[in-house]
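Order of writing sets the chain letters: A, B, C and D. Residues in each chain are counted from 1.
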Amino acid sequence: MIELDDFKEVISKYKVIFFDAFGVLKTYNGLITGVDKTLAFLQQNNQDFYILTNDASRSPAQLAAYYNRLGVGSITPASVISSGMLAREYLSLKVKTGTVAYLGTPDSTCYIKDLGLNLLPIKDLDLNNIADINALVLLDDEGFDWNYDLSKTINLLRRRNIPVVVANTDLTYPVSKQQVAIAIGGLADMLETLVGKRFIRFGKPDAQVFIYAYEQMKNYPNVAKNEILMVGDTLQTDILGGNKFGLDTALVLTGNTQIEDAEVRISSTGIIPTYICESAVIR
Amino acid sequence: MIELDDFKEVISKYKVIFFDAFGVLKTYNGLITGVDKTLAFLQQNNQDFYILTNDASRSPAQLAAYYNRLGVGSITPASVISSGMLAREYLSLKVKTGTVAYLGTPDSTCYIKDLGLNLLPIKDLDLNNIADINALVLLDDEGFDWNYDLSKTINLLRRRNIPVVVANTDLTYPVSKQQVAIAIGGLADMLETLVGKRFIRFGKPDAQVFIYAYEQMKNYPNVAKNEILMVGDTLQTDILGGNKFGLDTALVLTGNTQIEDAEVRISSTGIIPTYICESAVIR
Amino acid sequence: MIELDDFKEVISKYKVIFFDAFGVLKTYNGLITGVDKTLAFLQQNNQDFYILTNDASRSPAQLAAYYNRLGVGSITPASVISSGMLAREYLSLKVKTGTVAYLGTPDSTCYIKDLGLNLLPIKDLDLNNIADINALVLLDDEGFDWNYDLSKTINLLRRRNIPVVVANTDLTYPVSKQQVAIAIGGLADMLETLVGKRFIRFGKPDAQVFIYAYEQMKNYPNVAKNEILMVGDTLQTDILGGNKFGLDTALVLTGNTQIEDAEVRISSTGIIPTYICESAVIR
Amino acid sequence: MIELDDFKEVISKYKVIFFDAFGVLKTYNGLITGVDKTLAFLQQNNQDFYILTNDASRSPAQLAAYYNRLGVGSITPASVISSGMLAREYLSLKVKTGTVAYLGTPDSTCYIKDLGLNLLPIKDLDLNNIADINALVLLDDEGFDWNYDLSKTINLLRRRNIPVVVANTDLTYPVSKQQVAIAIGGLADMLETLVGKRFIRFGKPDAQVFIYAYEQMKNYPNVAKNEILMVGDTLQTDILGGNKFGLDTALVLTGNTQIEDAEVRISSTGIIPTYICESAVIR
């Protein structure tokens, strides 16, 4: 049987904690009972923490407000790092003019607004009038009709050679204890195969989101990488990315990885967390 | 510049001709002008021909009727070999009882009816009542809501370990001179990646559809493989599959492969047709 | 715990048995004790059997002689079907003249000799004199220097657009209870990725080797597919290929699939054998 | 025809230039004639430059000495950023004790020496004595026997679940005008597929090497990303990685991308450089 580490002991060794959100702090049911105590404990001890999420469907402000409504006051917009922020940085540096087409809800455009670029949902795109489209951004799996708009997207990419940015690399996400839904990252993989082009993906396990968080830290650069712990529920994103960036990593068993298959998955993938803990809840 | 072979000379060397349908005999616009003469010429010379198609959305009888309406009387249901027929054979041999779930239109179920199995479209599936589902068949990209039914399909496959049959391996298909649509084979690739299981695919370039056609030939086994020519517009399906099965192959430039990029594609893929012809039309 | 089927009962239901060789009839240690009784039992009952192997390093005559030396007289060259035979058929139908370059031992060329083609090992190839090379065949992982000859092979394929035939699709093979070696199929995958071209692979799970065996059967076509059982130790080749061709399949646990992970692998791959038996030995 | 930008004009717009080495500053033949003038021009104008290379076979000091011998005095060890430096950082942060097994020459171990870890070439590894092996590093394609040591590596990874670090992501490298050789990155891909585990790769296009260079810059953080130009010959590494990190990029046509296929490749990959220049030589 797998031997579990005590989460309180583990986090006590680090100056800064990076948390994944889904499967670590919350589930489809809301906040995981007790994680508010963990965050309060960190705040008392002057240990900073940040939330690193591949969810680009809502803004940091919206995400922080969500936690605040659930009674977790310690999460502020400044403590949320989303892959959507990297998509925004990319566009601001690399796309100067014209129109950005997107797949996602109106809410998910929060990351790419106010850049001086026109935004156009794929559903409103006229395929006979695409000379002005200078980038495509995949933001969220909701907000469009897959039957029509995915084929429309392919036809756009066959005619315009433009950068395609994927703001969320997750393939699926849980919607109940038993069920998952296909995420925009899963649709992105299909589109990339069908058009044969390289998309630009932002989100864990890619190093860029860790660097972005690292440089946003309040005490940067006075915290070394080995003073930071990444806590996550998914080997392929949180743990692989944290390991590669040089952080210690803690796998928690409240989300994508269940206790009964943690060992098999670690051994079959070769992705090895520094610690394995039951949850991010302290006793 | 690429040197083209004369189609009439080429086909005159073979006893039997296998034709792909889309991009060879017809396009989104209907029959390619002049292919009726080619088929009449073959009939006069007692050269048999068969249509090998990855299209499992309509039955051989419906496909033959389509050509007959356009004035091509020489195409009969017996001369049409569809990947749907292999999906049917698989189910009849390997799934004895229970219910087969499917993605596709009611028309596309023609291949899997009358096998003594219940058929259930994914949209009518109750995920709490799946003990009786013994197979899933992907038939057509139409007839269901992608937003809902693709995620539903994933949830079925996470809970029931059943064979999944893909009756059409094409990734996209043309809907106009400029535009394509995502085919069920493209959706199948995404679903297979997301659930991490091996689906069973029928259709060119897989050998099984060529064998099926070979054994259906009127004069089988008195025709040798080197007396058969496969005519197609797609390197990855028609030409690769024909080559591997040991047939000579003719690429025509009226569909997926255009004259301006034929050479680059042959060289970059390493899929080499025996002949390259402008079209399947004889002068 | 997994429930095992009785092998004697299982094979008694079928007219013809197809056996994989490695991991089913033999291991790196020689014959699996007791399989000779199984084959004798089949012979007494007039049940035909054939060996379907992805091993193209030795000829059917050499393979049969190997079994005969171990006291299994019932295996004849005619009962051995190797993926090398399909490579031979391909060359005989599709490559009329010139030189065939190859990777493998001199023994492994048995399949491609006597076709009127010159044979040239890659190690003797002069890259300045390649106009006559009309095909490349990958036969065996032994007989050449990987450091030099694999890069040499890439350089040949960058300059000559020729068909590449892989006569063994296995990625690795066991050399002791604990250790494996990289097979020519594993090297082929690397070369295919590096040159970006489509190789032509023969061997299970591809349908073509099953059809070849099916048509070689003594009583063909008087045996139906559902009267044949495929027995193998590997889900991805023996079981997947047998299932797809429409045969019933029996997984034995004496090779690549061990009893402790059979269930997990069947469930995670979605490749489902009709039966699971401890071994191909009858009590 | 493709329109080329003037390299001198292009570089004059940026404060800092990042150069790829192979195919940009040098080839298998030595220094590209005239690039020394480019570097002298930059030095005169107080524009800093750095070399970002995926070559981990020699140390920055050895690489700088190589250029110095060719008369380019402006390249110092501090201006060379190699993917090997990231492999070193990873080991120093994540592997505290024990032995690191490696594939490569003795020279290539320069990056992983002096970390307090034992180093052991795979060829000296005893597979019966592996409890102490805590990581594997793939450094260089030379220095070992591929026939034996690649299979040995697989057997190590089947028994020890340890991190595997790839210090060079290139798949092949040119050895003459016509010929390439397989690089350690190509071998790494094969090994990763064969063992089914996730390796940790360092090198362009991954963001981490760009960040490492960015933070090593003399004037960091007083140079913004849009004041840096990445110059490279390879779309998939230099240009893709530079673009994603938010830098402007210049493709030069003296290495992997030739003028005659630049347009086709840009269009088929969707990797779009900001500029295309004949070479990194100024007139």
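Everything below uses one rule, namely that contacts are C-beta pairs under 8 Å (C-beta built on N, C-alpha and C of every residue); 3 or more make two chains touch, one makes a residue touch a chain.
The structure presented is a predicted model; accordingly, all values stated were derived computationally and were not measured.
Between chain A and chain D, two chains of identical sequence, the interface residue sets overlap for the most part, with shared numbers making up over half of the total.
With every chain reduced to the mean of its CA atoms, the largest distance from chain B is reached by D. Centre-to-centre separation between chain C and chain D, using Cα means, comes to 40 Å. Centre-to-centre spacing of chain A and chain C amounts to 44 Å, using the average Cα coordinate of each chain.
Centre-to-centre, using mean CA coordinates, chain A is 28 Å away from chain D. Counting partner chains per residue, chain A has no residue touching two or more of them. By the contact rule set out at the top, the touching chain pairs are A-B, A-D, B-C, C-D.
By the touch criterion given at the top, residues 127, 145-147, 150-151, 154-155, 158-159, 171-172, 178-182, 186-187, 189-190, 193-194 of chain B touch chain A in their complex.
Residues 89-90, 93-94, 157, 161-164, 195-200, 206-208, 211, 225-226, 236, 240, 243-247, 266-272 of chain D touch chain A in their complex.
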